[in-house]
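So that you can tell them apart, the chains are marked A, B, C, D and E in the order they are listed, and the count of residues begins at 1 in each.
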Amino acid sequence: MLELLERIPFPQQLDRIVIFAGLVAGALITPVVVVLLALLIFDEITAAELVFWLAAAVIILGALGAVLLPNIVHATLSLVVALLGVAGIFLLLGSEFLALVQVLIYGGGVTVLLLFGLMLTNASEDPKVSDGAQKPFAFLVGILLAAVIAVALVDQRWENTEPVVAPFSTLGERLFRDFGAPFEIASLVLIVALIGAVAVARRDRDEDDDAVEEGESS
Amino acid sequence: MNFEYALLIPEFILAGAAGVVLLVDAFRRELGVSRRLIPALAALGALAAGIASLFYADRSTDFAGLIGVDDYTLFFRVLFTVTVLVVILGSHEFIQRNIRHQGEFYALLLVSTIGAIYMAGARELLTAYISIELLSFSLYVAVSLAKDDRRSGEAGLKYVLLGGVASAMLLYGLSLIYGAAGTTSYEGIAAALGDSSVQGSPVLLMGLAFLVGGLGFKASAVPFHMWTPDAYEGAPLPVTAYIAATSKAATFALLLRLFGTGLLPVQDDWQWMLATLSVATMVTGNLIALVQTNIKRLLAYSSIGQVGFMLMAVTTVSDASGSALLLHLAGYLVTNLAVFIAVIAVYNRIGSERIEDFRGLAETQPYLALVITTGLFSLSGMPLLAGFVTKFFIFQAAAEEGFLWLSGVAVIMSTVSLYYYLKVIRQMYVVAPAEGAEGRWRPSLLAYGVTGVLFIGIFVIGLWAAPVLEAADDASAVLFG
Amino acid sequence: MTTSEGYLLLALPLIPLGSAILLMLTPSGERNAIKAITGLASLAMFIISVYVFFAFDYRGDQFQGVVDWPWLQNAGFLGKNGIQLKVGLDGIAAPMVLLTGIVILSGTWVSWKIQERLKDFFVLLFVLVAGVYGTFVALDLFFWFLLYETAVLPMYLLIAVWGSGRREYGAMKLMMMLVAASILIFIAIFGIFTEAGLGTFDMPALFDAEYGRNFQLVMFPLVAIGCGTLAGIFPFHPWSPDGHAAAPTAVSMLHAGVLMKLGAFGIIRLGFQMLPEGAEFWAPALLTLGIIGALYGAIGALRQTDFKLMTGFSSVSHMGYVFVGLGTLNLIGMSGAVLQMFAHGVMTALFFLLIGALYDQSHDREFNHYSGMARRMPIWAVFFVIAGLASFGLPGLSGFIAELHIFIGAFRAYPLVGALAVLTAAITATYLLRMFAQTFFGEPSPRWSGVGEISWTERAGATVLAISIFALGLWPSPWIDRVAAGLEAGIPEVLL
Amino acid sequence: MGMEQVWLLPAIPAALFALLALFNRAMPRGGDGLAILGMLAVVVLALFVTLDFQSSFVDGKFAPGAEHVYAFEWAKIGDSLLIEFSTYVDGITVLMLAVVSIVTLMVMLYSVGYMDGEPRYGWYFAVLSGFAAAMLMLVTSGNLLLLYLSWEAVGLASYLLIGFYWERQSAAEAAKKAFITTRIGDVGLLIGIILLWRGAGSFDIQEIIEVARGGGFDNFYLTVSMLFLFAGAAGKSAQFPLHVWLPDAMEGPTPVSALIHAATMVVAGVYLVARMMPVFDEVLIARDVVLYVGLTTAAMGATMGLVSSDIKRVLAYSTISQLGFMFVALGVGSVTAAMFHLFTHAFFKSLLFLGSGSVIHGTGVQLVEELGGLWRKLPATTLFFIVGSVALAGIVPLAGFWSKDEILVALQGGAPMPLFVILAATSLLTAIYTTRLVLLTFFGEPKDRHAYDHAHESPPPMLLPMLILTGLSLVAGFVAFEGVGKVLGFAGGIGNVVFTQGDKGHVFELHPDVAIGATALGLVGIVIGFVYWWGRAERAERARSWAPELHDLLVQRYYVDHLYQVTIDKVILGLATVVARFDRLVINDSGVDGTAQGIGFTGFRLKFLQTGRIPSYALAMALGVAVLAIVALGRT
Amino acid sequence: MSDIPIENFLVLSAVLFGIGFYGVLARRSAILILVSVELMLAATTINMVAFAAYFDHEAFTGVIFAIFIITVAAAEVGLALGIVLRIFRERRTAYVDDASELKW
């Protein structure tokens, strides 16, 4: 386990990456922020809209980074950026709780998990990955799907309603009382994932003693 | 709302049994028990759950509006617990030899059964989704649990990655349907979609397309089936059997309840999708099966072909096709399990999955050859056997709903399927055993018992389907009143 | 025929099924026990068949001995009486039942000499017979089709395991073609049930139901081709020469003798009785295919030098007559068709029995390789000649009475077709006589000096069949009365 | 015992056939005694029938209504079809009964000697009985269907008997040829019968005649029907172009040739046309066809008989020719002449056959080139044979003269002159080839000393029937005269006998011109024969070398057989090959196997979509959902 | 709260979904495919929450749904990584292209 920890590029390497990534992100997001601020100032957009566009820009840029960056670690970190942007959207939609969950789970859990995975699969030695041969197809299909959905959803005549903030109490009631059963099931899902991940990934150390025992019993 | 947790007792039993199995396995040495106890415990748990579920016969209630506790659920509770019981009993020998982490394995099987049951029982999208994930997660793991088999890991990887994509698609579809209906309960959706302004609206159509795609993956409908052959082939045999049985049946249970109640008002918008998938599925599955040489892969494609038939029943959703589908699922499960358990028993002996290596089985093990033959004939819809009756019903039901052409395609493909089944049967009966093959051998007593029961079951459903059909009809009546 | 005799009808499929189960429980080594069981069972079937044939009162109701049990109802699309286990006999089925009894009796006897897996053979054979009997007596469409398919089901293994020559190819082709043809029947049944909208598979009810004209026009070809394939209708016959060539003796006997009739029977039941308007519309087409098949099979047979291939083509030709008879749409021609089904059944069964008896000794089916066999096997040759003469319609034998009715019927409807049909009979005589001259006559070839007379079981089987040939040929009225009554009651709308 | 019981006549030999066929091995001498006894009984019963028939003779006519004597319903479908066994007795029947029963009895007696020691001796008698049954049924049948039935049965018996020596490949081939050729005619017969049924609604001959007379048929339709019917008659009676089987049929035992291929079965065609003559009278075109076919056949047969070197084949050609004579008579509507000739011909021709059988039996040789001078060794046979030959040549006062004269008279009155000339010339030829046969066989120098040395006269069982037939050949012609006819059992003379309807009664009278001319022709023929073949037959050799092509044409039987052979080999078997190939290549290999392979190949191609790579799987899913989405949007 | 039309959120989610799908199709590293799947899941959560906020004012089921999605997504990452690790151990690679023994 110790030797595993040593292989994690932490703190120096990660520091560098984070700093570098922050610089790049800043460089990319600054023009957006400037434009949005300008629009806000000239009363073209409201503050909420500014937040939306900002978050959207973060999300899109982060997502693009996640799928385009050749460096696997960069891509993963870029995902974190995108997911944080999603948390911003949640905030905008009045779900502070959800935003919190998003930041905690993704920013904390998932990212670390992914990084672990990266390191365990020797990504630190060869972080550059090449993309598959069907990249052009993928590009077309991605655009196609996005376009079709977007066109369809824009085409839809939506009722003109205002977004409402979900009260915490309501959420609690819903989550722990009304959806108690799914909640229980979800706990099973987590257990399965936990046990499963361990069972699959663990080296079959106990096989030897299985064999021994089989030998005994037979 | 009704929060009577007692309604969920069978699942608690399953979960509890899974926990006990895990614990006993973990502290086996400390407790000093034989490892044979583990499958026994698991089987007991399944049995207990099955019996417990019988107490909910003729109930028509639900848990918190999320999980229906009705005859429909009952039908699948029994079906799934029996399935898991059969798989455990029929393959414990195989599992002992070829699966690592047996405690976890049995626990996963039991837990996944809960997922399967709730997929059938779910009356609300979130519950349905989380149940799907419970089942899927268990299977992702189970597929990858084979010992010393590189294919197992590959199969698991394909399954989990593509499963993730499919989940995303499914969720996207669910979100759009939620957006269109404003609620996630099936009744609510049905009520909301009854409004003609919603029908045919772009958001709904998108939602349906993605929903069909996502569920199509779980059901292995073409073109979302690609994982199926690989996962079937890579997975340990009992898991293949289990996926082919429970996973598929559960998906159809969910499909039928969802499309038969919640989405029924917008039938026009999704019927063609399912019909298309149905045709594509049965054609592709059966045609590719023609050229397979591995028994698992063959059964995988064959099961894809079967999915086409089942999709047909969902396409033409009605009271009749509902009960026909349930009958078909029951018959299909019995048949499929019979084939798989027999194949497992053969595999335990010959250690090969290649169809060629089944040659001369009628000489060396006539009983298993007979079971496999009967099962395969049943799968191809030959008479006296379950497959004939159930397919007849399902096709007839489609014809009743004006889909005679679809029935026609189905019958044609059913005939094509006979060809590749016959190729297997040919190896067993016509080709002489390999040189130097051992003489007659006997499978374990348990394998005899389990296959025997299933073998009789094939004939019982084939010749006296009345009890099962009545149960199916009661269950279907829950949805279609 | 009383209702209590209906239980005998039910016994017809149940006896072979029960025997099959009993056989499965018998150890394979006990050949004598197997022979005893099969012998008794086939004898019982034979006796019951003869009994019900004569017990059928052709002046009485259309369906006699009707008994039924509910099987599935009020579930799904099934209403009251949804699916019943219902049996009954009508004048069309009566001779078919008798035919089955005759053929299985002799078929059982000649199969006793099989050395390998005798038990398995009989299990499959009896399942097949159960299907055949069931189809003839079933009065529920669902069971009818179930049993129809059951009769096809064991075919693959029977041919592929116990056959000879290109047995796997023949078996696979036969099986796949027949099952593929069943597709059409499947579809037709779905259609009929849906269109009738009665929620029941009860056949008498479905006979009486109303079907739209266009529906009938669409569905009848499905039935005709679907069932027709089993009956060897041109051009859906290629399974017949190959399948018959490969099949073991008893299977060829049953298949050519009885199963092909099942197809024609299906056309009458489903086609003519349920879809009379469709039948009327398509009858000329059926007739055309029939006469083409008759000529085609006969001319094709001229060129064959393999006993079984020749008989296979000959079967195509003779079944062509059946379609000609059906296509005439008059009582005489259609009666002739049913009579021909019976006549061809016993005749061709005798052929296959004798060919099998020779092949088992010589392992050669090229008849050019033989000569003077009448010296080596006089009894065999006599039986063969009887079958041959019946085949080309020599008066006094079964073939004549059937073909005569068909000719008359055809002349009544379309004289040209009738003339061609008569001509076909002459061609039939040609190829058979060529074969006779080659095989039986001439100087006995020393090559076959080891080939001796046929065994006693084979003689007994051949005798049963030969007696049937003479019986129909000399005293046809029991058959004709029943068939004509059955047709008149069954398809009054169609008959001109 | 009378006409009502006429069904007994076929029934007795039929029962004997069944008995003998199954149990002949268990009987002494294969049961020949039983067969002969049975036949004797038939002869006696036939006599009773004849007497009964005679008793209905009133006022120079036979009472109508006494004819339809027995019926038994065999098969029936509602009102639409009735198939019954019915017997019918009139003058023609009685005549035929006499011929069939007597000749059969004679032949059976003869066979006791001739067939002695043959393998399958019992089977031989069984089939003879069977044949007798069928033939008797044929002539007593009152409806066409029963007639057809027995028609086929005599054909079968003929087949079995021609192929009696089936170890000889040639016999097997001849039997096959005979059966198939007559079968082709039978196709016509059956078609004709069914066509008549279609028009008249009945198979009953008298009803059909009624309908035909009442104008119930379309004329063209009836013509076609009758032509088909005649095809059957021509096949059975070996008329051109279906005559080819009869010479080959000589492969059978000689008594069989005498019975079946001279006296009885081959005249069935004549009988049929005679029986249907009232209908033929309605359609004269059909009758003319009969006439021309008969004439052609008569001439062809006679010329072919001129060159054949096989004693039995010469007789066979002669039979063909004489049958042609009978059809000529029928062609001009003279049933009397035809039946009369049938009657006399039966006796002298069977006598000739039996005589030739005696020669073959005595020498073991049947090629005339190898015979000669046998009169010293076989005096009785020679005598009998000469009587038969003279009768055949038509010399007063033997049987052949009267009947042939009758035919010539009928032709003179009913047809253009050239036809008469041709027939007269044929009659001349008859005398020539008859003389040739007699001279080459019994006179001159023996050509094969070995055969000659071993030649011996036949035993009494063979000579007795020949003697009886010789007597009949001498006197049978006199039945033509009313008085003689009455004595012999034909009240009113043969002319009255055969016309039972009474409206065309025909009293025999001698036409001196024709009679003298015919006799003269016969004598001339005999003289010519002596000139050419007496002694060493050098003139015949010279004549042969004078026109080798002509000789060749005759020896090759006008190439009709060749034509058939070519037709069968090239056209029919060619067609069969095409069909067989078509079946394999197009229907089986392309249609059935091709479909299967196509499906299999599709599967083979499809499986490569399953690349095993996750991205391509995902791509399939993406495309799938994209298509669903796009089509969904496009639909609205 | 704001006058941002819901279309904005939906289009954003659609684009995110498309980008995610692109990643799935184009990437060869199993882990990056997982990353892309996370993007797709994030898109669905946006949808869920947006719909909940705009149209489901009493129940807010979408928000609950989103919570579950996030949970499951996280679990899925863990599980998938386990399997990836097994593959990696067996083949020393985490490229999905190399895991293509099972085919046809």
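The definition used in the following text is that contacts are C-beta pairs under 8 Å (C-beta built on N, C-alpha and C of every residue); 3 or more make two chains touch, one makes a residue touch a chain.
If you're wondering where the values come from, they're calculated on a predicted model, not measured in any experiment.
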item: Chains in simultaneous contact with chain A and chain D; value: B, E
item: Chain pair with the most C-beta contacts; value: A-E
item: Centroid comparison with chain D (C-alpha atoms), farthest chain; value: A
item: Geometric centre: closest chain by C-alpha means; value: C
item: Centre distance in Å when chain A and chain B are each reduced to the mean of their C-alpha atoms; value: 33
item: Chain D and chain E, separation of their C-alpha mean positions in angstrom; value: 96
item: Mean-CA-position distance for chain C and chain A (Å); value: 71
item: Separation of mean Cα positions, chain E and chain A [Å, integer]; value: 8
item: Touching two or more other chains - residue numbers and ranges from chain D; value: 596, 607, 610, 612, 614-616, 618-619, 622-623, 625, 629, 633
item: Junction residues of chain A - those touching two or more other chains; value: 132, 134, 137-138, 141, 144-145, 148-149, 151-153, 179, 182, 186, 189, 192-193, 196-197, 199-200
item: Of all residues in chain C, the ones touching two or more other chains; value: 176
item: Interchain pairs in contact, sorted by label; value: A-B, A-D, A-E, B-C, B-D, B-E, C-D, D-E
item: Partner chain D, residues of chain E touching it in the complex; value: 21, 24-28, 33, 96-97, 99-104
item: Residues of chain B that touch chain D when the two form their complex; value: 157-158, 161-162, 165-166, 169, 200, 202, 205-206, 208-210, 212-213, 216-217, 222-224, 226-227, 229-230, 269, 272-273, 276, 284, 286-292, 416, 419
item: Touch list for chain A against partner chain D, complex; value: 132, 134, 137-138, 141, 144-145, 148-149, 151-152
item: Footprint of chain B on chain C - complex, ascending; value: 71-72, 74-77, 120, 127, 131, 142, 145-150, 153, 156-157, 160-161, 167-168, 172, 175-176, 179-180, 182-183, 186-187, 189-191, 193-194
item: In the complex, chain E residues that touch chain A; value: 1-12, 14-29, 31-32, 34-36, 38-39, 42, 45-46, 49-50, 52-55, 57, 59-61, 63-64, 66-68, 70-79, 81-86, 88-89, 92, 94-95, 97
